[in-house]
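Below is the structure I would like to discuss, written out as structure tokens.
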């Protein structure tokens, strides 16, 4: 592998960082330039992510990047494996449509949208790539800080109130994160995940107990992020208050928690004495989350809340399914994660367009509301959209597609995802493996119910928005706003058609996750550049 | 280049005091002090005219001595506690000093001397309100401030 | 002998400073008014600064000097802000 | 404890001890006064013991100690002294003035009113802005 | 040492938790500050507490006597992030106060 | 053309046509759309017909395409005789419906959309028929639900259409989900989703413990789709659809999908007692109730809808019996029902179209106006009634024959003949009613369209064709439908194919007698009830109030709305406090439970170890923390000051426990935080202790709970930290850092080397956080609006300004000028000093305590001091800080330093350090880490200043009315 390719691993962090920093040099009025920088960065990011994705699937790829050229347990490492590459691709795929959507109008609703957006991407990518617990904390904070800014982008009472709750809960979570990480450091003496996985077997007695307590506290943090009931009440408020493009990119934020849980539970707690730590919490918590999300989906009147509760359903599904700790099901869950992230993003983007049509004055009102009380904001151009023929039809089709995706109906990827998980639980893949445990039946029931609830809610909402109130008024929608939604839906369609290859990737991913030895080995024995001897552990490593 | 030579020199001294004396640090200190004095130049403070800067050490000496003296005085009052009969109070002292820097120096002297505290300067009436812990003889204090410090400061600054 | 004196005097002086801090803390909680509390905080800062310097003597390292210098040089900023808040109701006008 | 200081000459040890005791005692006395004096305006005098010679004593002690120990002049502690001396008046002044304002606003009779408008007659004043 | 420090951490945590459960935004921000002190000290204490063993390399001082520098670095990062988030939370609570007119954490007064 | 290709085309063509129709969204393309749809449907019909040779005599065509092979989900298309027959039905009736709709739809309707949905529906239906993979089948199954929803709600401005469509979707959706689950369980049992494999594994399935589960789930799917009791009620409500839709969905396709499924899985699932009971009860009750309800409908389409339900019940009943002959009858009746019901719907549509109403109470004597349609309708309804020489008669005969047979020897067996006869009588009654009330009797009086006349010929053509089919099949069954039926039966039953004969005349036997009884009884029944029926309300007498629809809607609203809302608000919360409480409790729980489980017992502290001075310091710290907690509600400033006290304790602790870097950083941060909070304090509302001290009991208990939680958290944290501190330090990575810091990192301050080198990446992230927060703060404050009660200047300023204003000799602002006169001088002169100090901290960081962060904050304090001294205007008049530039520069500098290593072939952030010999000066340490630290420094300065100044600007901004440069803190 040539040298420059190896540096690609850090590019997903550096590109948005540099773009975000560069954006600071330009005044808010240079909108076009800022937008250009942002778009170029996102495109570059996508190119890099796809490249890494491709590389991660090839054999013999050295996905470990030693920052500062320090050997593994001491310095910080970035690790690209199939899972992190998948998440990178997902994030960058999501970034482009949401950014384009934002360029239509929202990026002018407040200061520094583009910088914050880039920093959010940086935080996301960092969280996906890092192989170090404390570095994970740092990137969590980067991501969260940017999300605070983005959530309140556009200001307004709703957003700020939601932002207050969101920040307060996340600050408490951040403190827990610190406690957890330091407890792990105090009991295991390392921060590197791979090293931790190595050491965990040797830790005994009180130190093991402290380690497990630390891991538990850490788990609470990730569950807060992932939105497990009853730690998820911040989520509907926050997501539904955010502007459409922000909510769109937030779709992947709750998946970060899932990602980390998946990563740590299989890497560190996959084997050995602490194996399966907290799996039951995931299982039952996940089921409770599905139930709560389902209830919320039914109880939501506003589309934004409906979408937010769909996020919870999706999180709950993933948590519960991960709690089963079954390879085939986990592969299905990965597929589901990709599919539901795209779906929810598309839905959040769509909601704004749809609701714009509900009240003829709404779009103007939204703009004035944004600008209210602010002296130095130049006036928004009122004519933001053009009434296109067929707008309603396109919106309606997209809405129906979202409904189909959310409720897991064919022919889009929501069905394939649900099927992939279900078949792993009760279908052919467990044929003849004895009786099916009760918890699986519960999950199956909840999954079906949640799909049904989404169906009921979405028809209710769709009928209300498209057929009962939209008569005569056609929302003003720009092609630039419609295209991202359609792109995302098209992606789910592509995912459906290419379900076979996609599932193969997911299965391979799960296989690598289930054999953490290779990961650990790659990290610990990663070669330092320019150092003659293989970068083994230093004097104090004690490995 | 060097709008405030005295300040720059002091900064170099401070730098050397912090880092220890080496040639390298002397050069670095000079660079830093030039940089810092540009910063202060941007603030455009009222530039003090130090007429008789050689009187400064004398002032410092007097003040240090007075501080020692009043330290003892105040400490004894406090140590005696409730038995001490002291009468604290406010007094107004008219001032002739005009230069803000000189006023600042005076205020530092008055306040860092235990037992007296500079409360309020009135630029219209050009008086200062001082609170004294042991206000036995008001004129005594006034004389102390005007004669002992203000006169010297007037000499140095104006 | 002289060493013993030094040890004792250091201990004594630390005790004095800590006691002073206790008194300042008491004043801080008792008030009765905001300016008393602010002044108490200022005193607390000063005492901690001295305590750190004594600690430096005790350990024979001047690593802790910067911390005391920070208090000496910048500690007043917080107090100034507090005082200005009391006087003007806002810190920066 | 204090093994590093065993080589310290006796005179230095005693000088350091004396300065330490003086400095900390003065600070303590100031704090006692601060805690016990009845009015705010009296209380503002007390901490100045700590910030003047209290600090001074400890600074001196530290300087002597490190100079003798390290056999090179260590003077940076003097900066602490200088800055404390320069900045303490600022805080006291601002605080006291704020207290004065509050007392006046509440009509507390024990504080003097704003200074009279006319400058005292015995002042021959140069024109402002000269 | 450990006992005193952990007791202190406990008390700070208790006060902080009490405050973040209060309904006023200002209480919450003070509580978060207290909690971040406690957490910083906790991280700090994880490396083991040693007096006079600063991790600054000097000739003749064996490194084995020095305290663990890693928690220090972690605390430094945590302090910075804590400062940043406090600032952010403050501004958000001000904004919320401005927009809703109340300093209740939910943006409206609790019905009595 | 190969069979495989035809299969693909059959499924794809309709969808392609559907997509093409959406392109023709313009309304003037209605004819074009109709032609295209007709063409597609006809092509499908032809294609299907072409496959007949391949499926004749039990043959099958099969196509496998990989989709998700790992999970057993493939695109397997498979056509056998039964599928062929059904596909013919779907495509054939599809053609006719398109033709009919071409004339039926009015000018205003967006016709392309209609045809688009219709074709898509046809495609889905063909998909169900042709699926060779049971999961693929459920895919198409759900698609039919979705498209039927869109078709039923085609006239969506009509509330009834919307509700009907939604109900259809909900019910069939539920069914679809259950079906999927059932099919998965089936897959679990069989180990494959391939239809052929599943069908071959009938015995294995029936013996499996999960058989009942699978059966129930699949049956729910099938019965909902086929509108069987108790899921029948969606079908009548779906009659709000345009008539072509009803004709298509409710005769040949949608509702037939359910029975199709039953037939499809008949070999694998049927024949057990469970099957017989479940399917039988549903079928029999549907048969009877549907027929009974149909009699009392006043809506033409309603009558037909209930009749459909009843006929489907008949088919279901036949299938429940488990005998091969009954299955043959079921398949046969499926075909027959489709023909006559489609024609009847179309006839009803014509009547509706011509008269403007479908209410039988208003219709009368139409035969005069619509003679041809009337005749056709009469024949069709005769077929529905089971009149001899029509196709309905033959299959009904077969049903009666089966009904008298004994099957599972249960109560069902005994009642079945009577039920069948009764239902037959009802069906005769409503058929007669349909004809008699509409076409005979006095001329109509209050028709919305007064002059009905015959429709265009091509609109009537489909009916003519279908009626002809009824006749042909009815007269010469074995010559017409016989061979096709046989290959269908063969493909379903395989070896179990029974002997049966399709003949009109079997001699006088029990079924014939039953038929006669039903015919005569039905006629009699109608003429008895004629007068009542002519006037009565819609719906059957006993059940009029108890309509499934209403119950369903109530239940749906209750469960999915009322209960959901109640649950949501009770299981969730929108307040912050409970959330934080939960976070704290969760943290406590997971932190303490392991300790408890492991039986943790803390080592008792040794008193001698405790340094009393340190203990006293912590006494102060704890005191301050508690004080802050106590005071924060009413005495904010006191709380702030006490917080400062707690902070200084922390600093001393850092000093005491060997962390000078931390102490410095904590101190500077402490100062900035205090100022920050003070800046914010100005905008908070006044709060006095007196106002709200009426504490309710609830509040008191809440407080007590919080207090307990806080105390336990504190105690837990105490235990936890004590445990962890008492733990011997593990063999940590620390020793590596201590050893390599100087030799490889080039610095003596190990903490700083970690920060800028070993773990420099953390620092980069951390400064990014700071930058982000600064940006957010700035963005938020640009939109800042203070609450009304804090817009005014603070009280103090008002008093002081009033004082200045009162006195003529004073100008405004004199007080503050005097106040700051002396302090500001000192603060100004401190400016260069602090700057020097900050640079000092920055430069020495690598070797001694300090570093970029502490230096940066110090620098920011230097700026802050000037703002404090002179106010915003004064300061900005003199110093122009461009915080955003500082931040951008800092970030880029840090990143660029890291990237510099690339050019030497090293990874990001690899540092390089060396001693450089300079003239006069000697060796100077030069590490690239310094540049990184400079980046940190610049960013911290920029971010801190931006945060503070943006906040400070608010005071100024509020007093300035819309002046152009307001809020542009970035430029100052």
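Just a few scattered comments:
Order of writing sets the labels: A, B, C, D, E and F. Residues in every chain begin at 1.
Methods note: a residue touches a chain if its C-beta (ideal position, glycine included) is under 8 Å from a C-beta of that chain, and two chains touch if they have at least 3 such contacts.
In UniProt terms, the chains line up like this: A = Monovalent cation/H+ antiporter subunit D; B = Na+/H+ antiporter subunit E; C = K+/H+ antiporter subunit F; D = Cation:proton antiporter; E = Na+/H+ antiporter subunit C; F = Monovalent cation/H+ antiporter subunit A.
These numbers were taken from a predicted model, which means no experiment stands behind them.
The set of chains touching chain B (Na+/H+ antiporter subunit E) and also touching chain D (Cation:proton antiporter) is given as F. Ranked by number of C-beta pairs in contact, the top chain pair is A-F.
The most distant chain from chain D (Cation:proton antiporter), with centres taken as the mean of CA atoms, is F. Relative to the centroid of every protein C-alpha atom shown, the closest chain centre, again from C-alpha atoms, is found for A.
The geometric centre of chain D (Cation:proton antiporter) is 31 Å away from that of chain E (Na+/H+ antiporter subunit C), both derived from CA atoms.
Averaged C-alpha coordinates put the centre of chain B (Na+/H+ antiporter subunit E) at 39 Å from the centre of chain E (Na+/H+ antiporter subunit C). Here the CA centre of chain A is 48 Å from the CA centre of chain C (K+/H+ antiporter subunit F). Each chain gets a centre from the mean of its Cα atoms; for chain A and chain E (Na+/H+ antiporter subunit C), those two points are 28 Å apart. Multi-chain contact residues of chain E (Na+/H+ antiporter subunit C) (touching two or more other chains): 20, 25, 28, 40, 42, 46-47, 51-52, 54, 56, 70, 77, 81, 84-85, 88, 92-93, 95, 99-100, 105-106. Each of residues 30, 32, 44, 51, 76, 79, 83, 86-90, 92-94, 96-97, 101, 114, 117 in chain D (Cation:proton antiporter) touches at least two other chains. The set of chain F residues touching two or more other chains comprises 574, 576, 580, 584, 640, 656, 660, 681, 724, 729, 732-735, 737-739, 759, 762, 766, 769, 772-773, 776, 780, 783, 785, 796, 800, 809, 819, 822-823, 826-827, 830, 833, 837, 848-849. Contacting chain pairs in the structure are A-E, A-F, B-D, B-F, C-D, C-E, C-F, D-F, E-F.
Listed in rising order, the residues of chain B (Na+/H+ antiporter subunit E) touching chain F in the complex are 7, 11, 14-15, 18-19, 22-24, 27-28, 32-33, 35-37, 39-40, 42-46, 100-101, 103-104, 107-108, 118, 120-124. Contact residues on chain F toward chain C (K+/H+ antiporter subunit F) in their complex (touch as defined above): 613, 616-617, 619-620, 623-624, 627, 637-638, 640-642, 644-645, 648, 651-652, 655-656, 660, 663-664, 667-668, 670-671, 674-675, 678-679, 681-682, 793-797, 800, 816, 819, 823, 827, 830, 833-834, 837, 841, 848-850, 854, 858, 861, 864-865, 867-868, 871-872, 952, 955-956.
Within the complex formed with chain F, the chain D (Cation:proton antiporter) residues making contact are 83, 86-87, 89-90, 93-94, 97, 101, 105, 114, 117.
Note for the complex: chain E (Na+/H+ antiporter subunit C) touches chain C (K+/H+ antiporter subunit F) at residues 51-52, 54, 56.
Across the interface of their complex, chain E (Na+/H+ antiporter subunit C) is touched by residues 574-577, 580-581, 584, 605, 609-611, 614-615, 618, 621-622, 625-626, 628-629, 632-633, 636, 639-640, 643, 646-647, 649-650, 653-654, 656-662, 665-666, 669, 672-673, 676-677, 680-681, 683-685, 687, 696, 706-707, 709-711, 713-719, 721-722, 724-726, 729, 732-735, 737-739, 741-742, 748-751, 754-755, 759, 762-763, 766-767, 769-770, 772-774, 776-777, 780-781, 783-789, 847-849, 851, 853, 940, 943, 947, 951 of chain F.
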